[in-house]
Structure formats: C-alpha cells, structure tokens
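Next come two complexes, and both contain chain A; in the first it sits with chain B, in the second with chain C.
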Partner chain A sequence: MTTEPEQHPVNGLDDVVHQRVRLGILTVAHQARRVEFGFLRTALGLTAGNLSQHLAVLEKAGLIQVEKGYEGKRARTWLSLTPAGGRALQDEVTQLKRLIQQIEQGSSAPES
Partner chain B sequence: MTDASVPSQGTPHEVLAGLGDLTRRVRAAQRGTWFPLLLLGALTLGGILVSRFTFEVLTVPCPAGDAATGGGCTLYRQGSPVYWPIGLALAYAATAFFYIRRTRNRGVGTPVRPYVLTGIALVGLVTATAFWSFRHGLVRPGDPVDLLGLRLDPTSGATQFLERLAGNATAVGLPLLVLSWVERSRALLLLTVVYLAIELVPLTTGWAGISATSPWSALPRFGVPGLLLLLGALGFRLAELRDRRDVS
Partner chain C sequence: MTTEPEQHPVNGLDDVVHQRVRLGILTVAHQARRVEFGFLRTALGLTAGNLSQHLAVLEKAGLIQVEKGYEGKRARTWLSLTPAGGRALQDEVTQLKRLIQQIEQGSSAPES
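Let's look at the complex of A and B:
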C-alpha cells in the first residue's frame, strides 16, 4: 500500500486570499466583523479605486459581503466576512504557520 | 497612514507579523473602554450620596435569645432598592448606544454586545436575589439570610462572602471581565481584578475614621472602587488620545 506524500504548504495557499492587500482586507474584516470602506482605505493606505478592485475580487469569490446604503445624505459601503471568507483566512494563516515550521525545521536539520 | 499598513509581501514570518500589526490597529480603533468605566465610576460614587440621604435608624424587636435588651434592637438601614438596578441598567444601555455611535463614526464594528448582554443579565440576577431576600420586609438582627431559598447563617464568613459576591462584584465586575476579553485588553483585565479584590475582600470602615453607624459609612465602601473606576476611565481616555495622535 502506498501513502500520498504530504502536500507542501505552498500548494495550500489560495491565490485570491494570499495577495497582500486582500489578506489585509480579510484580516480587518475578521477582527471588526463589519467595516466601512473609508476605514479600510485608511487602515490599508490604499486609493479608493485600488481598494474597490480588490473588494470586487473578494466579493466575486464569495469571501466578503458588501452592503451599500445611506446615513443621512452620505453614501456608505459596509463589508463583512462571509463564513467562506472566515474559513479562507483561517486556512491561509494555517498554511503560513506550516510554511514557517517547515523553514525552521529545514534550517535546523543537519547537512548530509 | 501609509502603505506600510498592508501586510508585506515578504517571508511568511513578515506576512504574519504584518497581519498581527493590522489586527492590533483595528482593536485600538474598536476600544472605548473609558466610557463604561466613567459611567460605572460615577454611579458608584453616586451610591455614597444615595446611602447618605437614605440613612435611617430603626428600632426593631430583638431576636428571641436577646430579650434582655427590653427596648428593642437598633438597626441602621441605608441605600435605595432601585438605585443600583436602574442605574446599572441605564449605564449598560448608554454604553451600548455609545459603541453603536462609535461604530458609525469610525466605520469599524465593535464586539461590545457580549459585555452589554452579560451586564444586563447579571443586573437582573442581582436584583432578583436582593428582592428575594427582602420580600418579607426588613431582615431582623440574628435572622438567617435568605439567599434564593438558602437560609444561611449571617455571621458565617461564607455567607458574608456570598453577600458581597451578590452585589457589584457580579453586576459590575464580571461584565468588566467580559469586556476585557472581547477587547483583548490586559490593562482592563488588571483593573478588573483589582476592582473585584476590593469588592470581595471584607473591608471595614474603621480605617477611614468613619463609624459603621455613621450616615457616611458607605463612603469608603463606594469611594474606593468608584475612584478606581474613574482613574481607570481617565487612564484609558489618555491612552486612546495618545494612540490617535500617533496614528494621525
């Protein structure tokens, strides 16, 4: 009987999530539960156009939910993490930790 | 803020460190600890005045074994049965309103719901316990303490501890523990532990030079925790202003 070789953590990284800005968006949304576009733009130091593009990618992937509305005359956009987004962020962090573990084990292993 | 806020595209270590930094910034923006501490501190200090103006000296029949006194026993009563339940319920409602406004103004959600719900539930429990104890009127000296059906010896140390526990330690201290957990604040955890110690340790009024039968006897009992809460509010407010200055 043969056993499947364990997958390298790099292969477990999701390209949609691993992009640094999108990872930042998911992290902020996870901590805040509900976050407004303006706060996110300031927190991540992005332009409105750049942030909108990344939000569109995440929304299309079903990782965030976007709500648009008004407070008085002011248009506001709120976003929150979907359950899939929460899982994707958790997976990403787990893979990053596994990568770190592998790197540390590799650097401490004796050379043959 | 600069683009440095975005997690760096470096090693996994750097990416995780960047996410940790981002999480800390969001938590700092979510915190509004000074406001509930300010309300609770003011309410606690207000308890001194309420106790002063509701102070009464009553003469009640003595317990059976104490009949020699003839003229009855003197009982000192102070405090309003509605001050704490209504005051605390209003404080929790105001805290919820404050955090909702803060969410709208800052654009970032706050995890305050568990704190407010725990606070209101425990105020209900403490009030129910107090009304149960006094449902047949004033407890006479020597009578057993009725704590939700348990008839306890009033002179026992365990009963006195339970009486202290079934007060502000539960209605104020335990919700503050929940707030320190949801806000991931070690400073608030430390403050709450000190607060609980003050509430639960048996303190007499003698050290303050105030007799237990004085109309001002509640001053040390409410003054010490009240000042602690207000000092905590001041400290958290100053820390918040410093953080905002550093970010801008």
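Let's look at the complex of A and C:
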C-alpha cells in the first residue's frame, strides 16, 4: 500500500461537522445565512429535541450562533453560521472531495 | 425557500455508511478489494476495539465480508466489500456530490 496512514481523507474529517444531521444544519445555514428553527426541523425531518441537541453541539463548538426573538407574538429561534462555521464547512468539503477522488480512482492503488 | 424538505441531500445519506470511520473502512476496502485488519487499524488511527465495533456494524448491514485465516502461524482477519457495500459507497458519493454542489452554490437560493 502506498497510502500514508495520516493522509487518509477521513482522518481529516471533524466528527462535529461530518455527522449527517449537523452537516445538514451547516449546509442549510450556509445557504440561507439565517435559518428559523421550525424550517430547519422540517427540512431535515427531525424532532425538536433531536435538532436542539445537534444545535447545542454546534453552538458549543462555535460553529453557529443562536438568536432568540419574536415574530409577532410567537417565540422564534434563528441560527446562523459563524465565520468559524463557514471555514469548518469549507474544510469538510475539501476533505470530501479528496475522499471522492480516492473512491473514484477505484482499485488503481497497488496492493501489497 | 425553494428547497423541498425530502430532497435535502443529507436526508439521502445512510448513517451506517456516512459515519466517518465506517466511510474510511469502506473507502479503503473499495480501493484494495481485500484489506488486513492491522493495516486498516493503522491507516485509520483506531484501536482494535473501536475498529471491531465498526466492522461489526458494517458486516451486520451486509456491506462487508469478514474472513479469518492464517498468514504463517499468525491469525489474521481480512475484509472485503460485498456488492451491496460497493453500491452503498456509490450512493454515498452521489449524495455527497449533491451536497457539495449545494454548498458551493452558496447563498444563491432565495431566502423567504
């Protein structure tokens, strides 16, 4: 095998960002700049509790910013990407592209 | 928002395949056809116990096939992708490409 252990693309992925639901949250936030909790819950097919747990992980890591307020009389929660969140998502994309490239090269690497 | 909830790319990702370590296992197995346990453990920087747990998940899902044998007097474990594993990895790549495309389109989607 010619692959250097530390260079395998999945070793460069951050579990905080890569986890399926959180990757979805970051992607939607990246696209919309500011996302309402209920919209996100529907878009990703989650329960409110499950979404809240993932948002807490992302907020603690400094990747999103949560804002509470009102829309008329209804309490609303919005979230947006922080600059660190934008960079983390970009890093994920970079590693995923390397990974896809390895997969699509198939079995061309010599086996030893 | 123009995004249809059920069409968000992360909703099409399978957690069994998408999880970082398992995605690494499937990728290495795809490239090498037949991978030795110790090689994989080093390549992905895992403990033997952690790797075994992830292999059990993949084997139970029918995505890899585990084979035990000897190399000289040393017990060895090899694994290889099943046809279903190859298809699952291809599906993951397809969804990841859609996701990357959405991310790289950035905030061009209208916000409402």
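Note that in this section the second predicted complex is superposed on the first by the 100 of 112 C-alpha atoms of A that agree within 3 Å, B and C clash if a C-alpha of one lies under 4 Å from a C-alpha of the other, contacts with A are read in each partner's own complex, and residues count from 1 in each chain.
Basically, a residue touches a chain if its C-beta (ideal position, glycine included) is under 8 Å from a C-beta of that chain, and two chains touch if they have at least 3 such contacts.
Keep in mind the model is a prediction, meaning the values are calculated, not measured.
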Which superposed partner A:D15 touches (first chain B, second chain C, both, neither): second
Partner chain in contact with A:G38 - chain B first, chain C second, else both or neither: first
Which of chain B and chain C A:L46 touches, first, second, both or neither: first
Which of chain B and chain C A:I100 touches, first, second, both or neither: both
Common ground on chain A, meaning residues reached by chain C in one complex and by chain B in the other: 20-21, 23-24, 27-28, 31-34, 39, 42-45, 93, 96-97, 99-100, 103
Chain A contact footprint on chain C (complex, rising order): 1, 3, 5-6, 8-11, 13, 15, 18-21, 23-24, 27-28, 30-34, 39, 42-45, 89, 93, 96-97, 99-100, 102-109, 111
Chain A-touching residues of chain B, taken from the complex the two chains share: 1-9, 11-13, 15-16, 18-19, 22-23, 25-27, 29-30, 103-104, 106-109, 111
Residues on chain A engaged by chain B in the complex (per definition of touch): 20-21, 23-24, 27-28, 31-40, 42-46, 71, 76, 80, 93, 96-97, 99-100, 103
